[in-house]
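The structure under discussion is supplied below as structure tokens; questions concerning it will follow.
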Amino acid sequence: MAEVPIEHGLLLAAVLFLLGLIGVMVRRNIIFILLCLEIMLNAAGLAFIVAGSRWGQPDGQVMFLFILTVTAAEVSVGLALVLHLHHRFKTLDADAMSGMKG
Amino acid sequence: MYSLIWLVPIVPFAGFLLLAFAGRYLPRRAVAIIGPGAVGLSAAVMLLISGQFLAAPPAGYAYEQTLWSWIATGGLEVGFTLYLDPLSVVMGCVITVVGFLIHVYATAYMAEDEGYSKFFAYMNLFVGAMLLLVLGQNLLVLYLGWEGVGLCSYLLIGFWYKKPENGAAAMKAFIVTRIGDVALLIGLFLLVVQFGTLDIPAILAAAPGAWAVGAPAAVAAALLLLGGAVGKSAQLPLQTWLPDAMAGPTPVSALIHAATMVTAGVYLIARLHALFALAPGALLLVGIIGAATLLLAAFSALAQHDLKRILAYSTISQLGYMFLALGVGAWTAALFHFMTHAFFKALLFLGAGAIIHSLRDEQNIFRMGGLRRRLPAVYWTFLAGALALAAAPLITAGFYSKDLILFAAWVSPVGNRWLWGAGLLGAFLTALYTFRMVFLVFHGPERTAPHGRPGPAMTVPLMILALLSLLGGFVETPADLGGVHLFSSFLGHALPGLAAHGSPALEAALQLLSTVAVLGGIALAYQLYLRRREATARWLARPAPDAARRLLLAGWGFDWLYDRLFVRPFVWLATVNKDDSVDAFFRGLARASLLLHGALSRAQTGNLRWYAVGFALGVMALLAIVVFR
Amino acid sequence: MILVLLILNLLLGGGLAWLAGRWSASAARWTALVVTLFELLFVGLLWLRLEPAEGSPWLAGIVADWIPNFSVKLILLMDGVSLLLITLTAVLGVLAVLVSWREIQENVGFYYFNLLCVLAGVIGVFTALDLFLFYVCWELMLIPMFLLIANWGHAHRKAAAIKFFLFTQLSGLLMLVAILGLALTHFQATGAITFDYRALLGTAPGSLWLMLGFFVAFAVKLPAFPLHTWLPDAHTEAPTAGSLLLAGLLLKTGAYGLIRFILPLFPEAAAAFAPIAMTLGVIGILYGAVLAFAQTDFKRMVAYTSVSHLGFVLLAVFAMNLLALQGAVVQMLAHGFSTGALFVLAGALQERLHTRDLRRMGGLWTLMPRMGAVALFFAMAALGLPGLGNFVAEFLILLGAYRANMPLAALAAVGLVFATIYALWLLQRAFYGPVASEGAPRDLRPRETLIFAVMMAALLWLGLFPQPVLDAAAPALHRVPGVSLHVGAYVRGPRSPARVRESAHSVARPETAPLAEHVRNGDGSVWGDAKAGRGEAPAPWGRAGTGTSTIDDRRGGAR
């Protein structure tokens, strides 16, 4: 099996991460913000796996499993919060929820 | 017998406590017994002790009684100690006897006042404090009495406290004398540091050995003590409080502001004569202050129209005589004049009080007149006092004491002709203003009708004081008029006598000169204020004399000057800085942090995506630092 | 042991009062009163059981381990100065409880809990000689005081409480840094960590920075001139008992700290710093007096008089001689009573007239003659009338200061004139003149009369018979290093003229004694000189372990 050069993998991860980051920054719907967060996390995971295969170590995949768990927990908590927020503000617009301003 | 000396100050204090705590529940008759009774008892003990002092004086003419140890630390030991020597005997007797007479007088004078018991409480406190002042063996007990009489003076000047101007006069008296007191206090520090003690006999014994004549430390000590004396005795430049002090009830003016408290400065200098003898410069200054004060005050007395203010300026002037005597080293002459002055000035004030009382609080002499026939008892006693004040020759006590001072000023090695001349001019002015007062008040047409005559409680003290004013001088007469030296030989055990003696011929010549001055003054007063009163009034209405009159009326404008120099700047400084400019710094600090807080909190929008951007930028910045470092 | 009892009594009593307050307000009042009376009783017992140990200034004490890992110990020791201040605390504690009797109507239990905690903290400060423990007590008295002002104060209480807290807390942190620095210095020198005051003596006698850390904390509490501005606000807004405790006790902790820590721990640095500190003291005296004159709020005015009066203490401490220090001790006691009484008076007036504004008062003597007489008494105390405690204090302080620095002492004496001005002006505006307020306010109640009577008696006693106080404080002050003991160059002997004359010749040089000059120069021979000057006086303050264990054994079961 031909090796995918590490640069390609990392580049893909960086592009994914940036896409996610831009999504977090520009989207107003909380659901989409959460989705974009997922993308960013997966980008990080991808970077781990690429690095792991480059050095022939299992650690990268271990870390990806960790990230997967964390993501699952984060998504469940996040969605619960989204439900709660929707219940309270009747909207999913993140900008509407700015009660913490100084 | 001597061991009973503690009773003398304690009894008035006990009277004070009784009246202060129980006064309001006691009937007036009881107050009228307790108040004068306490002072009377004290006077009786004092006289008994003095009698024994004359008959069988203690060893060294001094007796000490330590009541308890007051402060003993760091090498300083101050006992609460009383001291009896000829000087304190003379002072104590005059204070208690005159004080008792004035208390008796006041039972009638104050009879209708609502603060009857309060008045006698304060008066008793005053007598007690004054006795501590003169009986104190060390300077700290003296200072206790010194401030105590200042307090009582304040309380009694402001006795009718509902009028704000009385309160202002009281505050002025306390604050001005306090300025002198601070000088005195610093003088005490100097003495302690120098001698390690405040005991007067020890200081007097050690001073001549420690300091050469004219040593800077001696001069400094003498000047500081003089500061205290000047404040208490209302001499230049701290004399301004005394005329205003007349706001108090008249017995107070008689007791505190004429007979006793204001002479405390004279007492202080006489008591510490050895220090002043070591500081000829300071001593000369005492004489100059005395001469200047006696002239300025006598001129001012000429222009006053308030009966009590005339007497107040006259008191300042007579105190100037005492300072003059001290300044030429004639300690006993000063004390002699203190004694006679206590008699005749108390008499004059009490007489003035009787007049004011029966005229229903009229104090302007130009609205009085012809009282000679309506108030004969007051007239004759007042006349005796006026003669004594004017030093009418041969028959009055004032003549002998003032003559002694003038003689001393001439012959003393530290005296000079200028001081003598000032005294002589002062004698002329004294006679002039005294008889101006007498003629305007008692002679001429009647202007305000008196209501009733004073009762015996008022007239009997007047008569006793009149007798003392006339006869009190015969304890000390000049060589050509009997040469009695009872007073000076008694005081000679405590105070050194005058070094120089003049010939009898010189003495007679000086007496003749002062007699001429006094009689001239009386004659001029007769011309100006009785025979040609209208002409005098017309002349005085012209611009130039009127301006002079107003300057004198205002006491040479010292009040105006001090107001501009001290009072206004102080008040201005205080009001400008009322909100504490130091706090402005801390308030500014608080405001700056609020401002910063506002700026930073503006960045906290509450907008989630905004935070995310900030977060991302921050991470990128960190990464950039790590990567490109 | 009894010192622990003194503190525990107040802390447990405070808790009890809190609990009782849930049941009824008057139960809390009575509990607090009984607790403070017990405290007074214990202090009385302390006076009766006084037997000074040989060569040791400590009259009672306890030394025990607390946090052994950092060798922090529980050291409570008491000498004469502490004893006097503890007595003041106990007396003012009872008075503070009585003062609050009617004024405090809300949350009474918690109020008394805080009050008693402040007292406990103050007693801790006056006895703790482990620096770490001292810092704990310093904070212990701060927080309940903050709560007292913030919860039961007047209109602007929150701001005032926060200002008070910030000033005290920040300066306290500086002190903490200085404490750690001192312990570190000791560690570097000896290899042992300790916070024991007795062990730290002589560790860094010349360290200006460490001294300043302590000085700032104490100067804020005192309060000294540029750091005084929290005081008027805190006093004005605090409830009456709060002002009483603040003026009577908390300010004294600053003065106590100066005497207990600055002079013994840093004698050389203090000597070098003395001219500045004395100048600050004099500025405080004059500045406070002028500002007091300008105020229109009764309590604010009294607060500024505190600044003025405690300027005398600062002056005294850095004059560094026995007379001035004795004066400082007397001043602490006298000021506690005289100024405390003026605050109580302000509280009583506010209760009756519902204002503290002097411009709206006038002629009160007519309406309330007894209160007028009381005000007169305490105004006279404030202006330093001889016969009352403040005079003895100010006389000794000025005398000592004159010995150390003549011009500054003379300037400080001018403060007496200023004091006269503000005291008389207060009387004139509030009590004399025509009646300004309508209504017929009630004259003093028996409870208030009792409070004032105690304070008047105390001031008279201090003024006429100060010797017991001076004697109690003397052994402790004798041991403060760098302090010269005698008044003048002239040493007193038997009073015979011959001797006076003989020794007087040697006096005809400038007043300053050689000893004082050495101290001023920071000369290394200070200690030696001080010992020589002391003559037969006992050895300097013992290092850790000497003398103290005997006390503990004697006092029975200290550990």
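Couple of notes before you dig in:
Which chain is which? They are A, B and C, in the order written, and residues in each are numbered from 1.
By definition in this document, contacts are C-beta pairs under 8 Å (C-beta built on N, C-alpha and C of every residue); 3 or more make two chains touch, one makes a residue touch a chain.
Note that the coordinates shown come from a computational prediction; the quantities given were computed from them, not determined experimentally.
Of all chains shown, C has the CA centroid lying nearest to the centroid of every protein CA atom.
Chain centres computed from CA atoms place B at the largest separation from chain A. Chain C has its Cα centroid 37 Å from the Cα centroid of chain B. Separating the CA-averaged centres of chain A and chain C is a span of 64 Å. Separation between the centroids of chain A and chain B, computed from CA atoms only, is 95 Å. Against chain B, in their complex, chain C makes its touches with residues 163, 225-226, 228-229, 232, 287, 290-291, 293-295, 321-323, 326, 363, 365-366, 369, 373, 376, 380, 383, 385-387, 391-392, 395-396, 398-400, 402-403, 409-410, 413-414, 416-417, 420-421, 424-425, 428, 431-435, 464-467, 470, 474, 485-492, 495, 497, 500-501, 504-505, 507-508, 511. Note for the complex: chain B touches chain A at residues 600-609, 612-613, 616. Against chain B, in their complex, chain A makes its touches with residues 21, 24-28, 33, 94-95, 97-102.
Interface residues of chain B facing chain C in the complex, by the touch rule stated above, are 20, 24, 68-77, 80, 140, 143-144, 146-148, 151, 154-155, 158, 161-164, 167-168, 170-171, 174-175, 178-179, 181-182, 185-186, 188-190, 192-197, 199, 202, 205-206, 209-212, 215, 217, 570, 573-575, 577-578, 580, 582-583, 585-586.
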